[in-house]
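As written, the chain order gives the labels A, B, C, D, E, F, G and H, with residue 1 at the start of each chain.
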Amino acid sequence: MSEERNGREAWARLDLERARRTGDPEVVYGEGKTPDQVVALLRRLRAAHPARAALATRLSDDTMTRIGEDLPEAVVDTVARAATLGTLPKPTGTVAIISGGTSDQRVAAEAALTVRCFGADATRINDVGVAGLHRLLEAKPEFDTADVLIVVAGMEGALPSVVGGLTGVPVIAVPTSVGYGASFGGLSALLGMLNSCAPGVVVTNIDGGFSAGVHAARIARRRPE
Amino acid sequence: MSEERNGREAWARLDLERARRTGDPEVVYGEGKTPDQVVALLRRLRAAHPARAALATRLSDDTMTRIGEDLPEAVVDTVARAATLGTLPKPTGTVAIISGGTSDQRVAAEAALTVRCFGADATRINDVGVAGLHRLLEAKPEFDTADVLIVVAGMEGALPSVVGGLTGVPVIAVPTSVGYGASFGGLSALLGMLNSCAPGVVVTNIDGGFSAGVHAARIARRRPE
Amino acid sequence: MSEERNGREAWARLDLERARRTGDPEVVYGEGKTPDQVVALLRRLRAAHPARAALATRLSDDTMTRIGEDLPEAVVDTVARAATLGTLPKPTGTVAIISGGTSDQRVAAEAALTVRCFGADATRINDVGVAGLHRLLEAKPEFDTADVLIVVAGMEGALPSVVGGLTGVPVIAVPTSVGYGASFGGLSALLGMLNSCAPGVVVTNIDGGFSAGVHAARIARRRPE
Amino acid sequence: MSEERNGREAWARLDLERARRTGDPEVVYGEGKTPDQVVALLRRLRAAHPARAALATRLSDDTMTRIGEDLPEAVVDTVARAATLGTLPKPTGTVAIISGGTSDQRVAAEAALTVRCFGADATRINDVGVAGLHRLLEAKPEFDTADVLIVVAGMEGALPSVVGGLTGVPVIAVPTSVGYGASFGGLSALLGMLNSCAPGVVVTNIDGGFSAGVHAARIARRRPE
Amino acid sequence: MSEERNGREAWARLDLERARRTGDPEVVYGEGKTPDQVVALLRRLRAAHPARAALATRLSDDTMTRIGEDLPEAVVDTVARAATLGTLPKPTGTVAIISGGTSDQRVAAEAALTVRCFGADATRINDVGVAGLHRLLEAKPEFDTADVLIVVAGMEGALPSVVGGLTGVPVIAVPTSVGYGASFGGLSALLGMLNSCAPGVVVTNIDGGFSAGVHAARIARRRPE
Amino acid sequence: MSEERNGREAWARLDLERARRTGDPEVVYGEGKTPDQVVALLRRLRAAHPARAALATRLSDDTMTRIGEDLPEAVVDTVARAATLGTLPKPTGTVAIISGGTSDQRVAAEAALTVRCFGADATRINDVGVAGLHRLLEAKPEFDTADVLIVVAGMEGALPSVVGGLTGVPVIAVPTSVGYGASFGGLSALLGMLNSCAPGVVVTNIDGGFSAGVHAARIARRRPE
Amino acid sequence: MSEERNGREAWARLDLERARRTGDPEVVYGEGKTPDQVVALLRRLRAAHPARAALATRLSDDTMTRIGEDLPEAVVDTVARAATLGTLPKPTGTVAIISGGTSDQRVAAEAALTVRCFGADATRINDVGVAGLHRLLEAKPEFDTADVLIVVAGMEGALPSVVGGLTGVPVIAVPTSVGYGASFGGLSALLGMLNSCAPGVVVTNIDGGFSAGVHAARIARRRPE
Amino acid sequence: MSEERNGREAWARLDLERARRTGDPEVVYGEGKTPDQVVALLRRLRAAHPARAALATRLSDDTMTRIGEDLPEAVVDTVARAATLGTLPKPTGTVAIISGGTSDQRVAAEAALTVRCFGADATRINDVGVAGLHRLLEAKPEFDTADVLIVVAGMEGALPSVVGGLTGVPVIAVPTSVGYGASFGGLSALLGMLNSCAPGVVVTNIDGGFSAGVHAARIARRRPE
């Protein structure tokens, strides 16, 4: 190759200007990166934005272990498969995260941690499914007082439609890859949510807990204090 | 062509033995047939099974008009786009047909008429959707006393999951082609219903009101009298 | 049919309780309804909620003409293919609606009108595309001051990624069915937006201007006055 | 996270009210759960409904081994990859389960065990395929006397159409993921069954032995004793 | 344009050498051609190969009418939507064409006419479907004596599997676009046939009566006379 | 709407700066535009870039007629469904456009006209298909001397692979929507071309004659004069 | 389970009557079967049809090893992943099997072995691809004298079109799963072959060497001796 | 098998004539080949074309290790997963390869190495993404002076549209399989690039760095020296 423009550490050039443009720092997306790379990137983010927590998502088992060893001040969330480094911001506004089955909790946990890192508070409402409406109706007071809702569901992805019919709080739907057969890796839930008959439901990618968390926190933290 | 085995009226060889094998007569599927063909087939079914009503489904406007002119004793259901010729059987057992939006009523009506022709009674519960749970909860006593439920829905197809979580009555889910964009002609509702988290939900083809009606009537009419 | 539960006007049972549950009135979805039905439903909504504007969307040419004749106090928006009846609410907060090609303006107009009906103000930023970045950069001050952004695009659906990288204002992406060949009726734009590399982008159904408008207005009108 | 609503054992909140609402107890879906979680959930179900058998499905090898060690009174079915704990109910009515190739027997076995747990009797008719009609015709007396039929098939999924043409007993079709190439993980069989030309065929998800078993048992146990 | 290599009548350069290479002349594929173009091409084929019949397929209504007017010696088959010009060859060997529903006869007729033009005899066996096995079993002697079978079916496309299990005569399966909903324009039948459990079934494109006819005739005419 | 940023003629804001950035002026994409809009846009382009020809593509019959009436100096190409206004540039380098069936000529013509407008010469090689190799081999000297090749094909899209194996001239493959059944609107040809075993084949959207023309001209006009 | 109809060895009920019906014995499909099961089934086939070779296909490494140990008289073909037991029949007629890349040879070998077991002779023509036409043209004399051709190809699947344009010998196309990216596991080659512009090309499932071999042998062995 | 035409080393018949026909030597495609086969093929290519470098792509870890041991004069690029043997040609013209995320560098490296082997120079511009426009704008002078651009991107695949709007240099877009959920293995990026609104963008298969490199080098090396 005649020229290698970005020489050493091309894998590591973070967009350190992002915070200035968007108000939020860049995040380390762990998929396809080695433990060494993730640790180095977390350190660099930490140095560039000492006042804000750095976040790394989609971490492998090896990377989580390495972070625990190399960055003892980091907090690793093994359910969310994510880690934070630095003090989380004081939260403004509240995001309620509603999920159904046990298998969806990985995505719900990623959303919750992201919400916290991006400056809002996160409440979890678990084990709520469309085939057991009584639990959902019990939880209505709780989600009516939130600033925004994240609704996580796999399989048929019907939960956001039911929630969206019960409340006027903005709803973000997150389809998960939970299911088998004709769920086609989350396609079923994704299409269900995109076609929701409840007005105002918006959707993220399959297993998109991070994107939902960012969108939700940006809404919630606008609440007047 | 050296040989035309079925010569005259190849389009019209009905399976008149079906009643003996399955207990139910053949039905005229109107799609792709001319008005003349449908009228002739209805007459032949009528002659072969004088004791049972003959049914024709998926009729064009022209065919419905022609049946009205040529077979004055026939009853045409313009919502279901179907016609019956002869007295409907005395019903045994009840099928409740639950549907949501206005646009799904065409499919619900086809299911209801089929149920009646195949020997059970049909009750309609309209305008029940997942985004308005109160109506659904109001209707629970009504569908709890039915022998079997047909649940018709388009868009995200979530209604059968919610109904299936409220009752132990067998549920047949019928996806409809109602929707736009990523509903992909009913694929979204079909996948949603196939992935229902409510146990025991079974599914028909998109817009499969006729199949649902046959399956439901065969269950309902087993009710001891 | 043994029983028709919803007898007369089954097509017209509006969910008049929705306003109480969600804070917003129901809307008339015009697709698949006759002009008579749409006019009658608009009148009923108007009577039930005299203090709020009634909205009807996805109107056919015939229905728009009929509304003009039968409801002279209604305002018909022929680009958005929608109509309102009654005074629009005093707006709180601002939604900026960014769109590219001429063909996307139908969806952008539906979003804008929905935003107004649901209580926020709407600003349009047209003719902004990823293949002409200078316009987008010129418009940055305008969308940085909005409370929420709706970004409408067809074809490859790249616009929300670029906008989302420039600002921290929440972004709602709306894919449109504009394109040909492998756009597959908007699937290309939909997938592009779901996979956006800009954090926090959420997505609606293809041509989902109405859903985007509801979600955006609910966010914007939370702005402290 | 500011608040963890469901704290301890969020993975374990079973819907113990389901039996009251639907007449059937909840079932442990083993996929994605650890052996410890499955064992604990089975114990809890057992305690909550001492009079009924508890069922766990889609078990891993490890979980089946663990159940054998920790719950010696449980019965593990290694073909069905499922386990029961407690006495199966006295059966009412009979479900005949028809399957073709060796590879489909996993799904057929899951359906049979589910039928028994949900209160009906199960008969197996194996090695019946569309490419060997003589076996199918031999078995006709057997399936004509059942209350409902479950037909399991992979590859082209043609078996339910042939069975449905031979009998008036209700048919539930279960596509399996058996096949290669353009079977696309069971999609071929699923589409084939949804498009069955035999009236009244209803379909479950791919490999949906459990759903078929629940639907079938609910029908069969309605037989007057 | 600087240069137009094929000047006048670029639409009409027939591959007149094809007969020498493959033993069969080129055929006029009518789709997307004007009546004038089809008539001119038929005349040219006729002139180039006076000893063999010329064939034109997939003709519009207008083109069939025009051929009737301009080429009175041509024979138009309105079911097959095809026309022949010149004496059909003396047939060698026999192809039996088995089809089910009325709607599939268009494709079966195209296959039969193609068989005749390519030098074999064609027998039609209509109204044979998987949901009415008795007819199929009655026809077994007839198709056992053919040299090759073409089996035409829409919807679930199961017929070739059943036929292939009954006979050792080579089977060519032709999926049709007949069906609705999840038949997806013939995709369901196509996938079903590709996954046939009967060994030796080969498949054509959806509605591929012409291709099946060519393949079948080439096999059948190899029969020793 | 509180504010309409782009007031009058929002449909008509052309990117007149494009020529400066990319060396080529914007083009009028006619789909979804009225004849009035296309005529006005052509006039504006003409005024902004008097030294270059303006191009409008994907024109409806009505628009082509209107251009003929309102812009007598324009040249309308009814096969390409496109029009040019102004003198075409003096060509540098040559693009050979190879196509097969009659139905693909619409796309080949659009590519050829685009090549000319963007500054290179265009040669057409028609009626060349993979099932008639002798023609292709005859044309080899012609395409070996071109600067770049555009290969247009529908159905299985195999032509670019064969051409790419015969020559080292760069190949651009254009799939067309020509075909039926499992061609799925050009998807078959598109996938075939993307998976070409000939190295260096690049692909455009289905029916993407315009894109191919732009890419090809940019390559060809680099030829030293 | 109340009743297990097929008790012992349900996995092993071979269709021993198939030879009488179709002239060919059943074959052991090894996928999903244990080495023990395959060995036992081969022995049973051998005992039932001592005059014909028994064939087992799609064998795992373990099964091939076990066959070598337990059935020393068996012949294992490790490329085809298949085994035969007993003397192959004296061949009648010849099938030429044409393939391109190294990776396709697994499928070509399975086809060749199947042809031999079903009573015809098999010739292999390897390393022939559309991007190297000279090899194909060299081989023309060889495939012109065969009774039938099997053409195996992955990636874009163009080879059968080119072969079909060169000869009148019947062509069976076999798509393989060889490729990457948008080959989608062989879908690209499958669609390409189904849309072949060469008349008379018929297609098997992806990697369907066995089906192609059966169809081809049935044709070839009809050659008068 | 009666005859094995290509006996020994069928896996190894390289198309050594390709260099004469196309100006470029054949390349060893490593996928599905053993280390022994790759080494032997590299040696044969080297011997046949001593004046040009031989290239092997898509190498497994084992093959890269073996090449290092057996061919010490070879250069292995572990990022590109490729190896070269022999002196690279003196480059003519320059290809700039633009890529975004870390995960796309594997594909970008394969493209760069291919460019070099096929006779042009390669410049890398890394870490440029649509969500960080400032970097892209900074790099504009660099890519404006290249002869051709290769733009590599996964996820939504928007980068080529943005680049194509900034420059008139020809753009080749390479979608990668980087992403999750609804990226569907690169389908999202592929569709996005095919539908690019920037004129003249052409596309390769998913992860098609090699094809892009060949096409680009053939363009670049035409630059007058």
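In the analysis below, contacts are C-beta pairs under 8 Å (C-beta built on N, C-alpha and C of every residue); 3 or more make two chains touch, one makes a residue touch a chain.
Quick caveat: nothing in here was measured; it's all calculated off a predicted structure.
Undergrad: With centres defined by CA atoms only, which chain is the most remote from chain A?
TA: E
Undergrad: Of the pairs D-E, F-H or D-G, which one shares over half of its contact pairs with C-F?
TA: Selected pair, repeating C-F: D-G.
Undergrad: Go ahead and note the Å separation of the Cα centroids belonging to chain C and chain D.
TA: Each chain reduced to its C-alpha mean, chain C and chain D end up 44 Å apart.
Undergrad: Which integer distance in Å separates the CA centroid of chain A from that of chain C?
TA: 26
Undergrad: Could you please state the distance in Å, as a whole number, between where the Cα atoms of chain A are centred and where those of chain E are centred?
TA: Averaging C-alpha atoms per chain gives centres 56 Å apart.
Undergrad: Which residues belonging to chain C are in contact with no fewer than two other chains?
TA: Residues 18, 101, 129, 131-132, 164-166, 181-183, 187, 190, 194-196, 205-206, 208 of chain C each touch two or more of the other chains.
Undergrad: By the touch definition up top, name every chain pair that qualifies.
TA: The list of touching pairs comes to A-B, A-C, A-D, A-H, B-C, B-D, B-E, C-F, C-H, D-E, D-G, E-F, E-G, F-G, F-H, G-H.
Undergrad: Please name which positions on chain A make contact with chain C in the complex.
TA: Checking each residue of chain A against chain C gives 18, 21-24, 27, 147-148, 165-172, 190, 194-196, 199-206, 208, 210-212, 214-215, 218-219, 222-224.
Undergrad: Please give the residue numbers of chain D that touch chain E in the complex, ascending.
TA: Interface residues on the chain D side: 100-101, 129-133, 137, 155-158, 161-162, 164-166, 179, 181-184, 187-189, 191-198.
Undergrad: Spell out the part of chain B that touches chain C in their complex, as residue ranges.
TA: Residue list for chain B touching chain C: 91, 94, 101-103, 105, 112-113, 116, 121-127, 131-132, 134-135, 142, 178, 180-183.
Undergrad: In their shared complex, at which residues does chain C touch chain B?
TA: Interface residues on the chain C side: 1-6, 10-11, 13, 15, 17-18, 29, 31-33, 37, 58, 175, 177, 185-187, 190, 205-208.
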